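In what follows, a structure is listed as C-alpha cells, so that the remarks can point back to it.
For clarity, chains are labelled A, B, C and D in written order, and residue numbers in each chain start from 1.
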Amino acid sequence: MTDTIIHVALLLLLPPLLLGVINKTKARFAGRVGAPLLQAYFDIAKLARKGRVLSGTTTWVFRAGPAVSFSAVAAAGLLIPFGSLGAPISFAGDLILFAYLFGLARFFTTTAALDTGSAFEGMGASREVAFSCLSEPALFFAFLVLAKLSGSLSLVEMLRVSPDWFASGAAAPLILVSLGLFVILLAETCRIPVDDPNTHLELTMIHEAMVLDHGGPLLGTVLYASSLKLFVLVAVLAKVIVPFRTGRAWLDWPIFVGETLALAAVIGVLESVMARLKMRRVPYLLVSAILFCGSGLILLVR
Amino acid sequence: MALVFVFFPILMAALALAIPSNRARPWILPIAATTHTGMTVFILARPDLQRFSPWLVLDPLGRIILLVVSALFLFCSVYAAGYLKYRQERSNRLFCACLLAFLGLMGLVAWSHHLGLLWVAIEATTLVTAPLIYFNRTARSIEATWKYLLVGSVGIALALLGTFFLAYSSMGEGRQPSLLLEELLSGAPALSKGWLRAAFILLLVGYGTKMGLAPMHTWKPDAYGESPGLIGAIFAGGVTSCAFLAFLRVYQICAASGEGVFASRLLLFMGLFSMAVAGLFMAGQRDFKRMLAYSSVEHMGILMLGLGIGEPALYGTILHVATSAATKGLLFLSAGNIHRAYASKSTDQVGGAIRRLPISGSLFLAGFLAITGSPPFGPFISEFAILNGAFAAGRFLVAGLFLAFLLVVFIGMGRTVLKVTLGRSPAAVPSPAEDSGYRDGFLTAAPIVALMALVLLLGLYIPAPLGGLISDAAKYLGAPI
Amino acid sequence: MLVLIAMALSAVSGLPGIFMARASAGGQRAACGLMCAAALAGLTGACMGLRPGLAGSCAFPWPAAGNAMIGLDALSAFFLVPVFLFGGLGSIYGLGYWPQERHPGSARKLQAFWGLAVAGMGLLLVGKHALAFMLGWEIMALSAFFLITAEDRESESRRAGFIYLIATHLGTLTLFGMFALWRWATGSFALEPIAAEAADIGALNALFFLALVGFGLKAGVMPLHFWLPGAHANAPSHVSAMLSGVMLKMGIYGLVRFLFLLPAPPASWGGLVLGLGALSGLLGVVFAIGQHDIKRLLAYHSIENIGIILMGLGLAMLGRSAGRDDWLVLGLGGCLLHVWNHSLFKSLLFLGAGSVVRGARTRRIDLLGGLARSMPWTAAMFLVGAVAICGLPPLNGFVSELLVYLGLFGTAAIPGGKVSAAVVAAPILAMIGALALACFVKVYGIVFLGSPRRPDSVPAPESPACMLAPMLFLAGCCVAIGCAAALLGPPLDSAIAAASSALPRELPRVAALAPLTAVSIASGSAIAVIASIAAFQGLRARRVRRAPTWDCGYASPDPRMQYTASSFARTIESMFAWALRPRERVPLIEGPFPQSASMESHVDDAVLDRLIVPAARWTQRLFGWFRRFQQGLTQHYILYVLVALALLLGTLIPFGDLISRLFER
Amino acid sequence: MLDLLNAVLVVVLVLNLFALGTSRILAVIRIVAVQGALLGALPLLMHDRLTLPVAAAAVAAVGLKGIAVPSIMMRALRDAQIKREVEPLIGLLPSIVLGALATGLALLVSGQLQLSDSRTSTLIVPASISTALVGFLLLTTRYTAINQAVGYLVLENGIFIFGMLLVEAIPLVVEMGILLDLLVGVFVIAIIANHINRAFSSMDTRRLVSLKE
C-alpha cells in the first residue's frame, strides 16, 4: 500500500519541478540566471487564489475542460510504473487505456478552446487535433515493439526493459523506439521543435493558443495538467532508455527521479539549441516519428 | 365443350355489335368475362370434358394459358367498363366486339391441337386486335396500327411457312404428313432433321414477331405506346401468352425429336439478346408507356431464356408467364389512368402521380418493384426459380448475364417510374383548372388493387391447385406422352 | 415465440396510422403505441434468446422451395436487441420530430413503413431459409426506400432515394446469385454450415465474393458506400438514425452469418475483410471531416465505425483460418459489441442532429453555432454521444475498441518472431481514433459552442420532451455499457458460440481474454472522479465575473471571426488531399479595396461523383447511339425481320462442307 | 401432268418479275390477281383424281385470290384518288435485277435441299422461295401503302405455292381458314390505308415516322 502512496505523491508533486529544470537549463544556456526552480509551484499557487473571469459565450464545457484533462492525465499517470515498483493499476491492455486517456484529455481541452468562440483558440484546437492524428500511430507502433519484446500487454512488463533483451538483437529497435517516443513527447507537450511555450505570437501557438482565455484557477489547473503530462511521458521515456535496475527499492527511487530531471535538462538543452519548425514542417517531423517506430518493428520482425 | 369456349365470346361480340346505346354496351364485357372465367374454372375441375376431338384437346399447357388470360381478361373488362364510361365521346361498338372476339379466338388457341388451326387462330387474333390499337383515332395511332399490321402479318406469314416446313418434315417414307400434335409428337424421332430445324427457326421468327422478341420487337413500343392502357394490358398479358403457347407446341416437338441442344442454344441467344435490347432502349426513355413495352420485350426474353435453359427451369418459366402477365396488366392499367389524368405520356409533363392519383400512382410504383423481381412479389419467385434452373443446368455465364441485364433494366425503368410517381407535378402540367379531372374511380381502380393482391399472393404463397397445374404443365412440356 | 408476435405487431403498427383521419395526431399516437408494445415484446424475446442453449425454430411451408425454417439463435437474438430497442425509441422520437399536423401526407406513410421496416429486419434476422431471409431483406430495403423519400418534394431527396434503390437492388441481385449458387453447392436453401467437401474452392471463393459484395453494399463498406451519405442526409433524422444505427448492421449480420457457414476459409479472406475494414475506417472518417452538412458527416462516420466492425470480423476470420481461438473470440467479441455500441451512440447522435435541424431549420454546420445555450439538454446528449463514438475511456466505445485492439496486438505475440501482416492494423485503428476525435471536436465545437454565426436568427428552441426522452435513454445505455462492461460477457459468449456453431471445439470465454472487469472499474472510478471535481468546482463558485472573450485584446470580437467547419478541417484535409480531392473556389482579390468575396470549399463523394456519375453519363450516350435502329420507317422494321431470319437460317447451313463441295467440282 | 405444272410455275415466276417492273399500281394489282388465280387452279393439276373438297378449295382460292382481294384493292385505290405512280426506294430496273437474283438464289438453294419424294421433282419449292423473296422485296422497297399490301400478297402467294406439296396434311377447314384470314387481313389493311390517306392526305408511308426513339 505504501508504494502506491509514494507513487501518487511523486506523481502529484514532482511535475512542476521538471518545468523549473527546463527553464533553468534554458536560462543557463542563455547566460541568464533564470527563474527559480520552484517558480512553477509559485505560479500554480498564485493562480489558484485568483478570482475567475469567464467569457460571455462559454458554457459549462469551458470549466469542465481543464478539470477532465487533469484527471485523465492523472489517471494515465497511475498506469505507469515509477522506479522499481509496479503501477497502482495494471491489467493486460492498459496501454490502450493509457493512450485513449490522453485522447480524452485532448478532446476536452480542444472543446473548451472552441467554446470561447475566438479565432486563435479555434486555430490552436485545429492544429492540436491535426498533429495528434500523426502522433497516435507512432505511439502505437512504439507500444507494438515493446509488446513484442516483453511478450505481454501490460505496461508494467512492457516498460521493464531488461538487459537480456539486448541479447535477442533488440538494441536497434529500442533505440529507434526511444527516438520516436522522444519526438512524440515533444509534440504532445508542445515543446520547442513543435511549438514554443512562451511565445507571444498567437499565429504560431498550438497549446498556448488553446488556453488563451483560461484565467485564475482554470489556468492553474491547465498549467498543472500540462506539467503532469510532461512528467508522465518523461517517465515512460526514462523507463525505456535506462534499462538496468539495482533491484533495491531505496536506491531505485532517487535514480528514477534523477533520470527524469536529467531528461528535463536534455529537453531544456534541445530547446535552447533549436528554433521552432515552420508549421508546414511539423507533420514531416511526426511522420519521421512514425517511421522510426515502424522501422523498429520491422527490424524486430526480420 | 370446346366449341362453347370459342363461340360463346364470338356470340357475345355479335350481341355487342347489336346493342345500340353507347353507354350500356360496355357492361356486356364484364358479364361475358365472368361467365368465361366461370366456364374455365368448371372445365379445369372436369378433366373428362377436356378432349373434344383429336383437333381440340385442352392439355396442361393450354389450361394454364386459358386460366391466365381469362383471369386477366376479367380484370381488364371491369376496368374497361369504367374506362369506356369516361370515353363516351367515341363509339365503342367496334371496341367491345373486337375485345370479345379476341377472347373467343384465345380460347381457340388454347384448345387447338392442330398446328394449322393454331396458326389460323393466331392470325385471327392479330387481325381482331388491330382495330383496338386504332381506338384513339389520332395520326399516331394510325401509324402504330399500320406498323403492327405490316410487321405482324409478315411474321405470321413466316410462321405459316414454318408450319408447312414442319408438315413437310413429317412426310417421311410413305407416311402421311400431318399437323396434329399427337401424331407429330409420337413420330417425332422420325422427322427429317434439316426440315425440322428450318421449321423451328421460321416458327421462332414468326411467333417471335407476335411475342415481340428482339429484333422483331420494333412494332411493340409503337403499338403499346399509342393504344389505351387497357389494350396494352390485354396485349402484354393475353396476346403474348397465346403466341408463347403456340411456340411452346413447337418447342415440345423439337425437344421430343432430340433437337433439344440446337433449340436451347438458339433460345438462350434470343432470350439474352431481347433482354439486352430492352435494357438498351429503356435507358433514358421519356414515355412511360413505351417503357412498359420494352419491359414486355424483356420479359419475353426471360421466358425464352427459361425455355433455353431446359428442364430445371421449366417450372419457373411457366410460373413466370402467370406472374408477369398479372404484373404487366397491373402496370398497363395504372399507366392508362396516369396518362388519362395528365393527358400526356412524357415524363416532362407527368410527375407526382402518387399525390394526384393515390391508388394508381402508388400501385404503379409497387408494380415497377414487382416486375423487376423484388422479393415480396410474384415475379421474384419465378425469376429466382429460373436462376436456380440456370445454375442447376451449369450455365453460369448465362446466369451472370441474366442478373446483369436485370440490373440494367431496373436502372432504366427506375429512372422513368420514379420521375412519374414521386415529387410534385411539374409546372408544365395544365393548371388544376383545366386539369382533366380524371380521378381514380371505383371501376378503374378496383381491378388494379385486385391484380396487386394477386401478385402479392403469388409472391408469398402459391395456392395448391395453381401449383399443381403449373408443375404438371412443366412435366408435360419436359416429357410429353 | 415472442419475437414472432413482436414482428407481427410492428408490421401492423403502421396500419392504424393510415386509416385514422389525416389531420388528427391520434393515428400517429396509436401507431407509436403499437410500435412500443412490439418493441417491448421483441426485446424480451431477444433477451430470452440470448441465454445460451435456447435455439427454437419452427417451419412453415413455402411451395416454391420446400418448407422455410425460421429459428432464433443467440446470434440473431443479439442483433434483434438494437432492432427492437431503436424501433420503439425512434417512433417515440418521431412523434415530436415529424408530427402529423406539420406533415399530414408523409407522416402516415412514414409511420406505416417504419413498422414494416422493423418487421422486415425481424424476419431477416430470424429467417433460417434463403427465401425467408430474402423476403425479410427486401421488405426492409423497400420500406427503407419509402422512408428515405418521405419528403419527396425536394429533388435532392428523390435523387438520393433513386441512388439508394439502385444500390439495394444491386445488392439483392448479388444475393440472388449467391443463394442460387448456395443451392447449387449444397442442394438446399437451408442456411446450414456447408460440409467441407461439398463445394470446391472455386465455388467457395465465388460464394465469399458474392456474400461480401451483397452484404457490403448494405453495410456501406468503403468502395460500395456511394448511396449512404445521400440517403442519410436527406432522410428525416429518426429514419437516418435507424438506417445507420440498425440497418447497416443487417449487412454485418449477413456477413457474420454467412462467412462462418463456409467451411475451411483461406487466410486471404480474413486479410481482405480486415483490409477493407481498415480502408473504410480511414477514408470514412477522412471524408467525414471534410463535410459541411451535419447529417452527411454522421453518415460518413457510420462508414468509419463499420470499418472498425469489419476489422474485428476480419481478425476473427484470420483467427479461424489460423486456428487461433483467442483472435477469433476477441475479434468477433469486439465486432459484435461494437455493433451494439455503434447502434446506441450513432442513433443518439442522429437524434441529436435531428433536434438541431428541427430547431435551427438548416443542416449546414457553418450557419449554426452557440446552440448549447438555447438547447442545453441536446448539447449534453450530443456531447455524451461524441465522447462515446471517439472510443474515449469512460464510455462504451472504448470497450469494443479495446477488444479489437487486444485481438490485433495478439497477432503480434506470435512466438518465433513472426508477425502476421494484420499487426499494421493497430496503428491504423489508432489513427482512425484520432481522426474521429478531430471530426467530433469539430462538429460539437462549431455547432454547439461559440456564438451563433447567424446573428439575425432567433435562438433555436429546445426540443420537446418526447424527443429528449429517447436521447436520454440512449445516453444512459452508453454510460451503462461503459461502466458495466463485465456484464456483457455471457451474452457475447453465447452469440459467438452461435455464430461459430460450425467449429467443433469449445471457444474460450470473452471475459477470460479481455480485462472487462478492470475496464469497468476504471471507467466507473473515472466518472466518479470527474463528477466529484465538477461538484467541487460548483461549490467553490466564488464570484465569477462575465466579460467578452479576451481573445488577445480584440476590441469587438465578431461571431464571423470564429473558426468554421472548413477552416477547422483544413489542415487534415490538406494531409489527405490525395483521397479527398477537395474542390475549392478561392476568390481572387485584387486592387487595394477588394469588394466582398467568399471562399467555398466542397468535398464531394469520391466514388459517387468521380466514378459512378460519369460512367452513367457515358453509358447513357452509348445507349443513345442504338436509338437509330428505331427510327420509324416500316420498311426498315420488315428488313430487320428478314435479316434476323437470314442470320438464323445461316446457322443451319453447314458452311464447311458446302464450300468443300463447291471446290470439289 | 408434271410439265403443265412446271409451265404454270414458270408463268408465276415471270409474273413476279413483271410485278417488280411495272411503275403503275393498277397494273401491279392486276398482275397479282392473275397470279392468284393461277395458283388457285394449281391443286386441280396436282391431283390425279378430282375429289369434291379439292375442287371446292380450288374454286375458293381462285375466287378469293383472283377476284375478291384485287377488287378490295381497286376500291381502296379509287377512294384514295392518289396519283397512280409507284415511287420505289430503288429504281425499277435494279428491283427487277434483284428479283432475278432472288429467283436464281432460290433455284440454287432448292437444289441443295433433300426433297423427300418423287412428286416434288418439279419447280414447286424454288417457285415458292423466289415468290416469297420477291414479296419481301416489294415490301421493303415500295413506299405507297397499297404497294406494301401488294408485296404482302405476293409473299402470301409464295407460301401458298409451298402448301401445294402438302395437300393431304392440310384439311379443308384449315385451307378455308387460311384463305379467310388472308381476305380479312387485306380488308383491314385496305381500311387502314384509307385512313392513312385521309389523315396524311397521301399514301406515302415515309410520312409515317413520327413514332420513333
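Please note the rule applied: a residue touches a chain if its C-beta (ideal position, glycine included) is under 8 Å from a C-beta of that chain, and two chains touch if they have at least 3 such contacts.
In this text the structure is predicted, and so the values were computed from the model without any measurement.
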item: Chain nearest the overall Cα centroid; value: C
item: Per Cα centroids, the chain farthest from chain A; value: D
item: Chain centre separation (chain A, chain B; CA means) in Å; value: 78
item: Length of the line joining the C-alpha centres of chain A and chain D, rounded to whole Å; value: 101
item: Rounded Å distance between chain C and chain D, as computed from the means of their C-alpha atoms; value: 69
item: Geometric centre distance via CA averages, chain C-chain A, whole Å; value: 37
item: Multi-chain contact residues (two or more partners), chain C; value: 627, 630, 632, 634, 638
item: Set of chain A residues in contact with two or more other chains; value: none
item: Shared interface positions of chain B, touching two or more other chains; value: 143, 146-147, 150, 154, 194, 221, 281
item: Graph class of chain-chain contacts, one of line, ring, star, complete, other; value: other
item: Complex contact set, residues of chain C against chain B; value: 62-65, 105, 131, 134-135, 137-139, 141-142, 149, 152-153, 155, 158, 161-162, 165-166, 169-170, 172-174, 176-177, 179-181, 183-184, 619-620, 623-624, 626-627, 629-630, 632, 634, 636-638, 640-641, 643-645, 648-649, 651-652
item: Chain D partner contacts - residues on chain C that touch it in the complex; value: 627, 630-635, 638-639, 642, 658
item: Chain A contact footprint on chain C (complex, rising order); value: 369-370, 372-373, 376, 379, 383, 386-387, 390-394, 398, 401-402, 405-406, 409, 412-413, 417-419, 423, 426-431, 433-435, 437-438, 440-442, 444-446, 448-451, 514-515, 518-519, 522, 526, 529-530, 533-534, 537, 542-552, 554, 557, 559, 561-563, 567-572, 575
item: Chain C-facing residues of chain A, complex; value: 51-59, 61, 63-64, 67-68, 70-72, 75, 89, 91-94, 96-97, 99-101, 103-104, 106-107, 110-111, 113-123, 125-127, 129-130, 132-141, 144, 147-148, 151, 153, 202, 212-213, 215, 283, 290, 294, 297, 300-301
item: Complex interface listing, chain D residues touching chain B; value: 113-114, 116-117, 132, 136, 139, 145, 148, 152, 155-156, 159, 162-163, 165-166, 168-171, 173-174, 177-178, 180-181, 184-185, 188-189, 192, 195-196, 199-200, 205, 208, 210-211, 213
